[in-house]
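What follows is a pair of complexes built around subunit A, which joins subunit B in one and subunit C in the other.
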Partner chain A sequence: MTIIERQPLAHVGRSVPRRDAHEKLRGAAQFVGDFVVPRMVHGKVLRSPFAHARVVAVDASEAEALPGVVCVLTGDDLTDLDPYWGHAIKDRPIVALDHVRFAGEPVAAVAAEDEATAAAALNAIRVEYEELPVAGTIEQALADDAPILHEGPLRPGLFHGLGELPPREGNVCYRYRIDRGELESVFARADLIVEGEYSFPAVYQYAMETHTVVAQVEGEEITVWSTCQHPFLVRAELADLFAVPLASVRVVVPYLGGGFGSKSYTKMEPLTAALARKAGRPVRIQNRVDESMVTTRRHGMRCRMRTAMTNEGNLVARDVDCWFDTGAYADNGPRVTATGGDAAPGPYRWHAYRVDARCVYTNTGPAGSYRAFGAAHLQWIGESQIDELARRAGLDPLAVRRDNLCLPGEELRNGAKSLDADLIGDVEQAAAAVGWSEPKRANVGRGVSVGLLAAGAHPVSTAIVRLEADGQVVVLVGTTEVGQGPRTVFAQIAAEELGVDVEQVTVRGTDTRFTPYDRSTGASRSTTIAGLAVQRAARQVRDQLEEIAAGDPLEPTAYPELLRRHFGFTGGELIGSGEVAPTGTGSYAEGPVFWEVCVGAAEVEVDPETGVVRVRRTATVADVGRAINPQLVQRQDEGATLQGLGNALFEEMVFEDGQLLNDTLLDYRVPSFADLPNEMTCVIVENEDGPGPYGAKGCGEGALAAIPAAVVNALADVGVPMQELPLTPERVWRRIQTLKEEGKWPR
Partner chain B sequence: MIVELQLNGRPVRDDVAPQTLLLDYLRDRHGLTGAKRSCDVQVCGTCTVLVDGLPVSSCCTLVADVDSRDVLTIEGFAELPEFERFERAFVDHAALQCGFCTGGMLLTTKFFLDAGLLGTNEEIRRGLSGNLCRCTGYHGIVEAVAELAGANE
Partner chain C sequence: MDVLTPRSLEQALRLKAERPDAVPIQGGTDVMVELNFDRARPAALLNLNEVAELRGWSRQNGRVWLGSGLTYAEAMERPLAEALPALAEAARTVGGPQIRNRGTIGGNLGTASPAGDALPPLLVCGAEVKIASVRGERIVPLPDFVVGPKRNVLAEDELILGVSVGGTESRQTFMKVGPRNAMVIAVVSLAVRVDGDLRAAFGSAGPVPTLVRAGLGDVDSFPQRVAEAASPIDDVRGTASYRRHALRILTRRALDRCLV
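Moving on to the complex of A and B:
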């Protein structure tokens, strides 16, 4: 164990109360759906009932004639634009032009004086469809005679960030391949090989606040108030779509009611802005839950994997084919596919690996980002194969990991950043927290899992810190408060650098007209990258204060006097700016910015009579370098743990011929209080090995990849290996019956 | 139709369409946006308000059905002296993140505490299971409510 000497810090490392608690607890926090813009009208969206069809004709004349209807937007209103958007691939029209590719795709939108009138007007729009064959699943989309969803070459979007896009192959819109070593010869020499086919279901992020946008268009000036995690990327896409300068688009983001990736990149903003443009008045569109479910979701995935080990327990090779179901439009599918591809081998010292990951169009709602994407898809599969190999070799799964995990500084993927975490220490702590070496009752099992997630996205953030004449500090930074607590963390950082109290620092939401650029809020990047920009901005203010003080002691109580000395007046302010860009050497020049640690453990009990899996204990490791606010770190891991249990145990969007069957919270169940494990432990590891302020690095996603994997391994430890998620009672019970027939149950 | 009710301790009288939902009435007519819309099917609890002290889903309740009754929203609860204790417990345990579910969570907690029904952690988990939270993982909320209830582990 390394003992790290820390310089004492006043605010960083303390669980200071959330700065937004007062507003939020009193119902005073404003969300997009809570305020009214003058002259605002209400928008509703007419959505396709068919999963795949040609749109022959749209007749909105009757709807437009209804009293209270302001206008109806159809594809005919977009002839002056290039109406296609999509940050990865520009494959998606603002509203359907002549082709609908999923059930729920917007075909028209109504703006009316009130919601009831808008809803009535939807029923008065006549649409003639001509149904087309449906590719509702990955298998159907890859079949030789599959209908092709997108003809012609794919156009790269503004932020695909994936180098040169490979050409489309049928319905495969993106392909990501990595390899190392001589795969087949390593497999040929291996003693033990495990292989299998696996599936991961499409799941819904369910941010409780549905996608909501208010848009106003006045000439070239476009203003949107939106539930978006990435306001600056939305701004750029809107500017591109409507062919106006960046400065003409203003994106305002108040508090968000959860995101988890569902509000990353652009979603409902183009449609709302186009409707507002036609209406000549501000328009609000607020999705229902069933509409948000077909706005974005997590990719379903199918995977074929094999892993090889020697009798002595050396992991030597892994071979992975996987197919991500991205739905009718790419959304963030290419990035999800690439991240999944990078996560697939896991953090082990392979002699050889090969990964071939494809992103596949199907006639279902588009799939995009959801917390821990890629890693959540692949980690449970790879980790279950390692446990199976350990069982066959008669080795302790924890020992196999200890012997094969990469060490800090070792190369993980060709050309990528080397490992920046102590994974062996992490997994040992997680195992200990669920009582790894304690005796087990019948039907009780324990599992661990280890993985990594390429985190940080593109490392570009800026921040401005303003020291006001009264000594108060304002931080301007473009990170979205989705619930994770950046306003509190940034206030702690600024307070630390300037020596003021946290309560003296104000951090508000983004308004792209005033707030400086931040690439995005996602990929666990905000504390690390935007936090570093805030730290640098605050240091600039401190430097100015030191210069003004000219050797006098820098007491925060004297700041107003220093400003008076400088400006000769009770006024003025000191402004510091901070920037992070991918320059220089180290984390910000390589990729990824850091590897987010996905380590967890679980103890489960299965009831063989019913197939019900009860999760008794969980442990996750928040390997954060430095916990700027330990309580917020712990709550991030706990939230991700519960979402991980939902993904592992019961969440699944069920499609039939492209139609979503369970589109309400009645039949799409998410975790409730009743699903809490008896014990939930979050181990915070602070090795100061992160590239962020004070050695910090991000967290909040890893647990969502680690927990499903740990639960699957714990269930296999009981004797029930599973290759399909979720682990519903029926599925587990059926597996036990099969095992009985094979004479493998009870083990 | 005319409805008359006590809203956050004050009498109100309004002319409403008979099909008006309590949630829309509170938000649109009175600007009380602390109650949020989410699932629309009485599962998530984020639209919870207290009617004569009992938690109801305002997204599935007609305002006509609360005629002559007593409605308490989170804004009204926040004005009561006892609220401070709730606020302190939720702050101390970081029992909130995005805040979208928080109003409903607090009102449901108030009902169960007033009724003396939250003695143990098991009762807390069962009692609050009609309120979903997607951010916190519930652990902090259980801690905060246990402290309010004086419940022991």
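Moving on to the complex of A and C:
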């Protein structure tokens, strides 16, 4: 182990208060829903009641004649465009043309002087449908006689980022395969094999703020104020869709009320812009919760997995087939599928593995990104098989991990970045935090889990730092403040580099007309990559200051004087720019930029008579390289832990023939404070082994993959192995009844 | 939509007689959900929040009178919580603090949901509902008041004044099973009271909250009898067989708690 000598830092590593705290606590922070644009009208969307149908006719004449209605948008208004969008696969029309593929798909949209008139006008639109057979589940979509949702070849979108797009096979729109070694011969020689079928439910990200867009179209100039995480990707898709130059599209993003992936890529912007184009006036569309639930969600998944080990405890092979339910349109499904495929083997020293992951169209709402996608789907399955093997071999699950986990520097996947974290140290800390070696009461179990998320953080960011004449600093960077705290972290980085106080630095929202390009706010990339761009931009300003100072000491209080000296009078500013671009060929194959660590532990208690699972303790490891703001790191892990408990214990979107049955927050429940574990520990590990500023790397997603896996393993430690999430009381109770019949309960 | 706000009970009854289509509203935790989801478009709301006669609680001849405007938060406060502990426990599981500050006993009775959290505790305490209209007052025992899922015996000109309950200071408790720890519509809920006889009442396990009684000697068979009295359905929250099973378990545990 190398001893790291730390440079003393003034602002980095300190839990400075959030820069947005006052604004948000006073209720003064502006969100898209607060924006009022002159002449703005209100949009409402007519959505298909059918999960699969042909649209025979749409008659909007009665609705258009209503007083207060400005216009009604239907498929007939899009004949001058190529109306299909989708960043991965261009499979989705702005509004349904002649075919609806999910219940909730936009069929028409109304713009009216007020919301009530727009809502009333929806009832006056006559749509004639001809129902089609529904493929509401993965099984139905893969059946021989399944209705095919999308005919013809698939067209790649602008940002599919997955190399050559394989041809569509029935309803399978994407397939990701990786392998190593001679799988069958390794399995044939193995002593112990565990295999099973598993399912993970579709779940909803539930950001408190629903998708909201205000759009204005004036000639070639398109402006959208949007709740989007990736303003520059939305800009590119709108420019492509409406065939205008990039610079003609302006995307403005204020604070977001949560995202968790639900606002990644393009969502309601094309429809709102098309409606505004027809209305000739700015239009605002704000989804209700039930509308956002069919706008995006997490993929449900089915998986078949087997894992092999020797009697001595050497993990040797793993074989994985999985199917991701991406709903009616691909959205981010291909990337989710690939990331799931990459997560499936887990960070172990396999002799052989094979992963075949498919992304499947079904007649349900489209599925996209949600915190820790892919890893959240697969980690609990792989980790539960390792625990089962350990139990059968009579070995300590922690010891099996210690013996088989890859070490820093080891290659994880052929050609991919080698391991950049101390996973053994991480999992030992997590286990200790839940009292791994302490005696256990009856019905209490403990579990650990280890995984890696190939977050796919695209290494392209630019940032500008302006030093104003009064010594204040403004950072322009395209990262979206979703609640995760980048405005605070970037202020700390700029303050560190320039020697000013954090309070002297201002970081605002994105306006693509003025803010330089940042690829996206996702994949835990902002601190690492955008933060590096900010650091470089700030250093450029510092270099200029040093030049101006010509050897005089660089005191922040003297910056205004230095600027005066340089410009000859009061005024002017120093501008620094920073860029991050891929090194080498820039191919994704050399990625990820870093492996996000997903390590956790849990202690649960089950009530065998009711099946109720109570989570007593959790621990997560934020292996962040360097915590620029430790408190923000902890809050990230805590938020992901709670979402992980929701995913593990009770969240599930229930569909029947493609219809979402629990589309209200009365019936779809997210965790509340009453669901907090008795103890929740976040261990911050700082080995300065990240590629970001000061050795930082991303965090905030890993816990959401680690916690469901740790909970499943803790329950199996009690004697209740589960292969289906969520772990509702009834499901756990039924499992215990089956175990009783098999003579396996109590163990 | 008209919002009618009477300032006295007399005014309220007169308005209800004049506008039988007016939907009574107190905290709005049920009514506003219907409006917000556009499941109901009433021509008028009868806002009862300014009717002082409907508020609060009092002791009357060994029984406790609960005004229809009594909130869940008020039901959780001592000394009422000591007099009616099962109701207080049920109130604690309703919504978050904001909902408990708004939601009322009268509203729970008016909605008459099979999952109404206040109804099982009131049932085991022999609740009698007092109803009034300009035509006069009448008293209906709670088991006769709720006649079906979300249906009660109120005539269109009648309002709920409150309920009178007995069994104060008796051994009683409330339990429920749901996937989440609070603020959840229960998979099944149960109130049990032991006081001269055994009484159990359950919610979410039949079309209406139901009361089951037995003698003190029937402790061992009582859980099974309660489970058999249920007629649950399968829905997104749980299956009928699990609900029946959970009722049996909860009844046994509730008896254990009451019989110590």
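Assume the second predicted complex is superposed on the first by the 737 of 747 C-alpha atoms of A that agree within 3 Å, B and C clash if a C-alpha of one lies under 4 Å from a C-alpha of the other, contacts with A are read in each partner's own complex, and residues count from 1 in each chain.
Keep this in mind: contacts are C-beta pairs under 8 Å (C-beta built on N, C-alpha and C of every residue); 3 or more make two chains touch, one makes a residue touch a chain.
Predicted, not measured: the structure shown is a model, and the values here were computed from it.
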Note to self: Taking the superposition on A as described, I'd like to know which of subunit B and subunit C A:F260 touches: first, second, both or neither.
What the structure shows: first
Check: Is A:T664 touching the first partner subunit B, the second partner subunit C, both, or neither of them?
Finding: both
Note to self: Tell me the contact category for A:S672 with respect to subunit B and subunit C: first, second, both or neither.
What the structure shows: both
Next item on the list: Could you tell me if A:T528 is touching subunit B, subunit C, both of them or neither one (first, second, both, neither)?
Entry: neither
Note to self: In the overlaid three-chain picture, which partner chain does A:L632 touch, first (subunit B) or second (subunit C), both, or neither?
What the structure shows: first
Checklist line | First, second, both or neither for A:S449, with subunit B first and subunit C second | finding: neither
Margin query: Quick one: is A:S226 in contact with subunit B, with subunit C, with both, or with neither? Answer first, second, both or neither.
Written below: neither
Notebook entry, point to check: Between subunit B (first) and subunit C (second), which, if any, makes contact with A:N171: first, second, both or neither?
Noted result: neither
Margin query: In this superposition, which partner touches a larger number of subunit A residues, subunit B or subunit C?
Written below: B
Margin query: According to the stated criteria, A:S48 is in contact with first (subunit B), second (subunit C), both, or neither; which is it?
Written below: neither
Note to self: Counting contacts the way the document defines them, which residues of subunit A are shared by the two interfaces, the one with subunit B and the one with subunit C?
What the structure shows: 664, 666, 671-672, 674
Check: Where on subunit A does subunit B make contact in their complex?
Finding: 15, 17-18, 20-31, 33-35, 206-210, 255-258, 260, 286, 288-289, 481-485, 631-632, 634-635, 637-643, 664-666, 670-674, 676, 680
Checklist line | Interface residues, subunit C side, partner subunit A - complex | finding: 33, 37, 96, 177-185, 187, 236-239, 242, 245-246, 249-250
Notebook entry, point to check: Which positions of subunit B touch subunit A when the two form their complex?
Noted result: 27, 32-41, 43-44, 46, 73-75, 78, 83, 86-87, 90-92, 94, 96-103, 106, 124-126, 128-129, 131-142
Notebook entry, point to check: Considering the complex alone, what residue numbers of subunit A touch subunit C?
Noted result: 609-610, 612, 649-650, 654, 661-662, 664, 666-667, 669, 671-672, 674-675, 726, 728-730, 733-734
